[in-house]
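Below you'll find the structure, written out as structure tokens, and then a few comments.
Labels A, B, C, D and E are assigned to the chains in the order they are written; within every chain, residues are numbered from 1.
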Amino acid sequence: MELLDSFIFITLIKAAVVLAVLLTTLAYLQWVERKVIAHVQVRPGPYRVGPHGLLQPVADIIKLLTKEDLLPPYVNKPLYLLAPFLAISMALLSISVIPFGPMIKVGPVITWMQLTDLNIGVLFILAVSSMGVYGIALAGWASNNKYALIGGLRSSAQMISYELPMSLAIAAPLLISNTLSLRELVMSQAGGIFHWNILHGPFPQVISFIIFMIAAFAETNRVPFDLPEAENELVAGFHTEYSSMKFASFFMAEYANMITVSAMATLLFLGGWMAPWPVAWGANLVPTVIFAVAGVTALYHGANAARKRDKRTLPVFGIIFFIIAGVFLLPIVQSWLLPLFWFAAKTGAILFLFMWVRATLPRFRYDQLMGFTWKFLFPVAMLNLLVTSFLVAWTTK
Amino acid sequence: MDVILFLIFAVVAVVCAINVVVQTHPISSALSLVGVMGSLAVLYLLLGAEFIAAAQVIVYAGAIMVLFVFVIMLLNAGAETKKGRSYLIPGAPLLIVFLGLMAYYVQRYLFPESAVVRFGGFTGGGPKDIGNALFTTYLLPFEVTSILILVAIIGAVVLARKEIE
Amino acid sequence: MQLWLIPILPLAGFLINGIFGRRFSKSLVNTVAIGSVVLSFLWVLKTIFAMGDLNTSIEEHYFTWIQSGTIDIGCDFLVDRLTIVMLLVVTGIGSLIHVYSIGYMSHEGGYYRFFAYMNLFMFFMLVLVLGANFLLLFVGWEGVGLCSYLLIGFYFDKKFATDAGNKAFIVNRIGDFGFSLAMFYIFKNFGSLDFDKVFHQAASAPEWVLTTIGLLLMVGACGKSAQIPLYVWLPDAMAGPTPVSALIHAATMVTAGVYMTARSWVIFTHAPGAMDVIAIVGILTAFLAATIGLAQNDIKKVFAYSTVSQLGYMFVGIGSGAFSAGIYHLVTHAFFKALLFLGAGSVIHALSGEQDLRNMGGLRKKIPITFWTMVCAWVAISGVPPFSGFFSKDAILLAAYQHSPAIYWIGVVTAGMTAFYVSRAMFMTFFGSYRGTAHAHESPAVMWVPLAVLAALSLVGGWLFPIPAFLKAMFPAIEKAGNPMLMYISVLAGFAGIGLAYLMYLRKPGMADSLAQTFKAPYQLIYNKYFVDEIYSATVVRPLIGGSRMVLWKGVDAGLIDGIVNGVGARCRDVGSVLRLLQSGNIRSYATWVLFGSVALLVAMGLLGGLPR
Amino acid sequence: MNLLTLVLFLPLAAFVIALAIPRASSARTSRLWALIGSLGIFAASLGLLAWFDRTAAGEQFLVDVPWIGTPNIHFAVSVNGVSLWLVLLSTFLTPLCVLISWNSIKDRCKEFYAFLLLLEFGLVGVFLAQDLFLFYVFWEVSLVPMYFLIGIWGHDRRIYAAVKFFLYTMAGSVLMLAAIIYIYNKTLTFSYPAILEMLANGKLSFPAGEQMLLFLAFFIAFAIKVPLFPLHTWLPDAHVEAPAAGSIMLAGVMLKMGTYGILHFCLPLFPSAARACAPWIGVLAIIGIVYGSLVALVQPNLKKLVAYTSVAHLGFVVLGIFSFTQQGLDGAVYQMLNHGVSTGALFLFVGILYERRHSLEIADYGGVATVAPWLSAAFLITTLASIGLPMLNNFVGEFLVLQGTAIANFTWTVWASLGVILSACYMLWMYQRVFYGEAGPEVRGHIPDLNGREWAAILPLIVMMVWMGVYSQSFLPPVGKNTARVLEQTNVNVPYRVQQWDRPPGLSADLPNPHRGGTN
Amino acid sequence: MMNAVPISWFLTLSAILFALGVAGFLFRRNIITVFMSIELMLNAVNLSFVTFSYQHKEVSGHLFTFFVMVVAAAEAAVGLAIILTVFKGRSTLNIDDVNSMKH
């Protein structure tokens, strides 16, 4: 019983930690996005609330929470209420099987940096993400609004369609790793960048990765595949009739999905928490170096008299970065912080890609969208899978 | 623990199934059906059928039912009208008898209480086992189903496409 | 001996005229038709002379016609004395009538067709006569029937003519029915159809077999030779052109029955029962036909019934065992009856188609040649000695007397009546005053020359051709106790008939009518030919057709059998339409049935204990 | 592959080619092809006649190759003295059918001629098959094209007639199939010669009851096809509705499938059942003769009349077969051929008349002889042949049948001979009403005489009528050899005596021994 | 024995679901609902398969379930396409109105 209790206890703690981090990340991800896009477009972005607009997410949350929770008449009430709940819960559910790092020892407890590991982890994620369609579809339908309905329909069609190439793209690295468990998947990619699935073995899964990323954009309804919520034509798509926290739920679901997908990409193709090169080559120093450089940069800019508004924040951040760089040097935390760093770095890079694309590319037309997946993406993914499976069969004898 | 899990999801499944039948609006029925499938997926897990559970969710709940929902939305189907003859009178008694007999036979003859299910009592339902069986013993049916799927795709495309004048 | 040439020549004539005749001129048609017949006649003469003493018959085999199992029927021709007589009659008289026809038919349409048919008839008649087995005889038998049919219906756009043709053929068929059965029975019992083989065994066969065969043969002969009860076709057959009546329905074809019975004399002599029947049938026919002849007004009809009557005489001869007498009468009858018909034809020709005696009269001045030739026939048929009819009739009556006096006496009465009605016809035609309207003119030479030849034969034929003596070698001799008394009586009867006719039609012209008034019922009876046609129609033809139509076709075929078949179909449909209610097209009802079935299965499983433990 | 298979498969090849003629090409192409093809087939079958050994009894040109492994079905064909003539009859009539349909078939020409050739294939196959299953296959193959010939190119009630025809025949053939399968289960072979051999050497025997059932199963199938009274009512309907060519093939050849089947299968396989049933069948045949004649007598419709005459004529055939005498069997076979020629010709003429006057009602005619003398003359010859006039074909057959029957049972002959009288009645009456009398305006204007093409169709038939009537020796000997064999196989010797009285000692040598091949 | 569920319970659950599927099939008029009832029945059967598979410690039941899913997917694709076509032609989803096979 004790073991059981401790298992539940640890799991609960892990869940709490993950949830807290995740929700914060979600909130700040939006800020980051606004910032990134703003910088791409050569403008400052949020800047008022807090230093560099750092408190903007908090303000947003307060705003959303305090807004009137509007329940339009003529909607199908139960489903209307169910839809955002479904969307956010499905989005968050998949996090539960994603490993952030290896087994660690925290005091007396030895545990994985993962809520739970399933034999069929990948399938679980696919299953959960496929359930996510319901949220959007139902939202569109239950709103009893033609724009919403069209948005919902488009969204579900799009998601079903892109799920196919995505699954096929996932299958290829799975073949190479020969497992469905995400943890084992990462383990199989240990040993440097050339063991990652994206560059692995006889057939590097670059194509797979690209397909996966494209499909991921579509799955998350992100630009350039954000047809379901195309403001210009559909007002706002499936969430036209939603407001306040219900709207926020969809928003959060979208960003949660982004994180999930990025994490998936990391795990499947980029070796998860594994460092790109061996420790011997100084892999452990990389975060320290990065944060140190960041600290130097911050201090340098903070010293710039022209930046009046940042004259206090930048030096503070510089010092914080230095501290972090120092922390990374501590052997006690290195064992669990370094994997986390690598994981976060890779995921963050992909998230950055999402934002970058959003800032850069225009939106597709709907028929182009569907045609693209069925006529191009799907065959290519199929071919890729075929070649991969042949090569895998060839090499493993 | 297993019993509780079973009971919870069995009750959910039954309630959802009843809902499927009772709800007048197809979309409610569809969502209830999703519920049934979800519960069944859990029960599959309980029975050690991991792969099938995942497939259940992906294929059934994630694809087939989405298709249903999609079609319902597309046709904007409303609640059904009470038209045409009702089969309640011949059907309901028959059904009750059917169910009673089935339950009776199952309980009384086929599977006495001694045969039980424990979680983890069977672990042969993973992807690997399924794959092994699928590509050895059941290779031919598997290939046949792939043909079937192909045919179904063609059929669906032909049926649903716009009439070319 | 090339016997095959005899029939083949007319056949060739038929084929040539039949196929090309339409394009031929009339003279070419004549040449072919008459040439072939005359050549045939000449070949007959040559054959006869070549045969020498005539005591041995010759038989020629050409090819096997039908061979199956024990049946082996060849195309065999046989010539013996009987055949010679027949051949001469057929080809001789045939030639004469062919010649006559040139004149008679000169104004008719279908000229070539007529001669083609005539030639075909000659062919079949010669096959009939020459055939050495029953089947070949039957070939000719049927063939002449066919030609008779064609020639009776020569004017095929006239319904009465084609009706008469049909009647002739069908009534003959009834006779043939008997004949063919006789053949089957002969083969069944004797294992052959060849004359020599059959007759060789016939003497030793039991009498009932022979009687059966004899009676069946007699049925055939009755049909062809117009005996009771099958004589009805012959009077109607006068619808054909007159030369046809003369050749086919007086001189040759109708006598085929007599020929056939004479040919089968071996069978008949051993079947006295059959002989009796023949004699009775013959005398009844002779008498009845004579009575009918008394009251006919159509000149050809009178002679037609006369022919029936005379054929009856021949049958009496055969039935009395006097085969040669029968044949004798056949020959003389061929002379004078052909002459009568041709004369009548000449009269008709002279009067442009008038046939009713009541519209004639006083023609003896206008067409003297015809008149005088017909007088020769008149005296011959009336039995006036020493003309031909006298001899043959006398021979028959003599034989009949020996067989049965009753037959003799009826025969005598008949002879009187014969003299009466022929005289009546002569008087009404040639004497008195002309009652008609047409302009009478004498026939051309091509017509009266044959008449003259026949007239000569009628006058002298009796003693010129002593047939009984000629055939003595063939048939068993009848012991003739020459009783002159009998002869006188019959001659007397003939004169009585002539006298009575003279009285009634020349001296007291109103007498006939008043007699008819007095004996109205008998007169009507004979005037209407005993209503035989009507009786046949009412008892056989109409029930047959009506029954076939209403009972067999509409009733059994369309009603019963098709009714059953369609009924089965309809019941299937009914069952189907009930069962179709299950196939409501409603999926849910099907599902209900499936559910019902499953429940039933479950219950059954439980009840039967079919569940595994 | 010998000549026989060539003859058998040429029609099929011709059929395929006929189907392959493009739809766009003119009707004339199909016609010409059908004519050329059928004439070619006829020529090939004449080759069969040339190489046929007339002196030998039994099957010739035997081909036997395995066709289906399990069950053991062989493609076994051969020809004997009877089937030889029937094959020739089929191949002989087909070109005539093509000729007669030349102008009267206007729509769907290609299909029409294709079906005609397929029909020929089926018919030839039926007469050649020596494997029971193969026989059944051909039996059904011949059914299908005829169904379409009637159903598509027929007259007003064609669908009814076609369905009736099909159902009737199917009803019988299903019984036959059951019997065939039963025999297979018992013998494990479909090979007809093998079964006969088993029967002969005693390895196989059918108990009485079983044999009777099997016999009836076969016999009913054949009797429907013949058709024997009272199973005949499909025939008038089928004939009336069928196009001329269909009628010719139906009457000319198809009906013979039944009688051929009886002769070839029923008798040798089930001799004692056949013997036991003979009295009943004989009576039915006689009823058919008289009844068919009487009903024909009152038909107002030309084709129906001829159809009922077929019932009567085929009654003679059945009667002959069940007389169990050499003469009866020979006559029956000969009558089959005769009927094919003369009734085929009658239907041909009816088709010609219909093409001119567009009516089948006798009442609509009259006086045709005035306007079309050659047509009338040719028709008359055919009529006379049908009546059974000596020197024409039917006479020989009828004579032999009746003679054989007389030997077996004289009473039958008496009744059957009534049919001979009646045939004269109905045919001549019909001829009188159609051809004689005054020609009405309808007739006068619309009935031209025969043209060259029609002569080409008719003349061979008339030549055959005369030939078969005058010189039957050209045809009978092979038939007789084969029927004698059948009689031996039936092991039935209906005893008849030439003399039922004490024969004088000297006479017996004159007569050939009437007992042939009998063992009793 | 709180940790062990009798197999018959699974089967009874399967039977109940199946019966409910049949009920939906019989009592509902909307084609789509009827169709979903069929899916429900299939699911019930799948449960039985998986249960049997557990009982026999055999993977075959899973495979049957797998095939059933495949077939169900195919069926859904074609079936829904048919429903779409029917709706296009008749503008109704009531199963009782779709009865042109009746006559």
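Quick notes on this one:
What we mean here is this: a contact is a pair of C-beta atoms (placed from the backbone, for glycine too) under 8 Å apart; a residue touches a chain by one contact, two chains touch by 3 or more.
Everything quoted here is computed from the prediction, not taken from an experiment.
With steps allowed only between chains in touch, the distance from chain D over to chain E comes to 2.
Contact with both chain B and chain C is made by E. Most remote from chain A, judged by the distance between CA-atom centroids, is C. Set side by side, C-E and C-D show the greater C-beta contact count at C-D. Put simply, the chain nearest the middle, going by average C-alpha positions, is D. Of all the chains, the one whose CA centre sits at the greatest distance from that of chain E is C. If you average the CA atoms of chain B and of chain E, the two centres end up 6 Å from each other. Per-chain CA centroids place chain A at a distance of 37 Å from chain E. Chain A and chain D have Cα centroids separated by 89 Å. A straight line joining the Cα centres of chain A and chain B is 32 Å long.
Counting partner chains per residue, chain C has residues 588, 591-592, 595 touching two or more of them. Counting partners per residue, chain B has 51, 55, 63, 67, 74, 87, 91, 95, 98, 102, 110 as the residues that reach two or more other chains. Inter-chain contacts, as defined above, occur between A-B, B-C, B-E, C-D, C-E. Of all residues in chain C, those touching chain D in their complex are 18, 63-72, 135, 138-139, 142-143, 146, 149, 153, 156-157, 159, 162-163, 165-166, 169-170, 173-174, 176-177, 180-181, 183-185, 187-192, 197, 200-201, 204-206, 209, 544-545, 547-549, 552-553, 556-558, 561-562, 565, 569. Across the interface of their complex, chain E is touched by residues 583-588, 591-592, 595 of chain C. Residues 164, 167-168, 230, 232-233, 236, 291, 294-295, 297-299, 325-327, 330-331, 367, 369-370, 377, 384, 389-391, 395-396, 399-400, 402-403, 406-407, 410, 413-414, 417-418, 420-421, 424-425, 428-429, 432, 435-439, 470-473, 476-477, 480, 484, 496, 498-501, 503-504, 507, 510-514, 516 of chain D are the ones that touch chain C when the two sit in their complex.
By the touch rule above, chain C contacts chain B in their complex via residues 588-589, 591-592, 595-596, 598-599, 602-603, 605-606, 611-613.
Partner chain A is touched in their complex by these residues of chain B: 27, 31, 34, 50-51, 53-55, 57-58, 61-63, 66-67, 69-70, 73-74, 76, 126-127.
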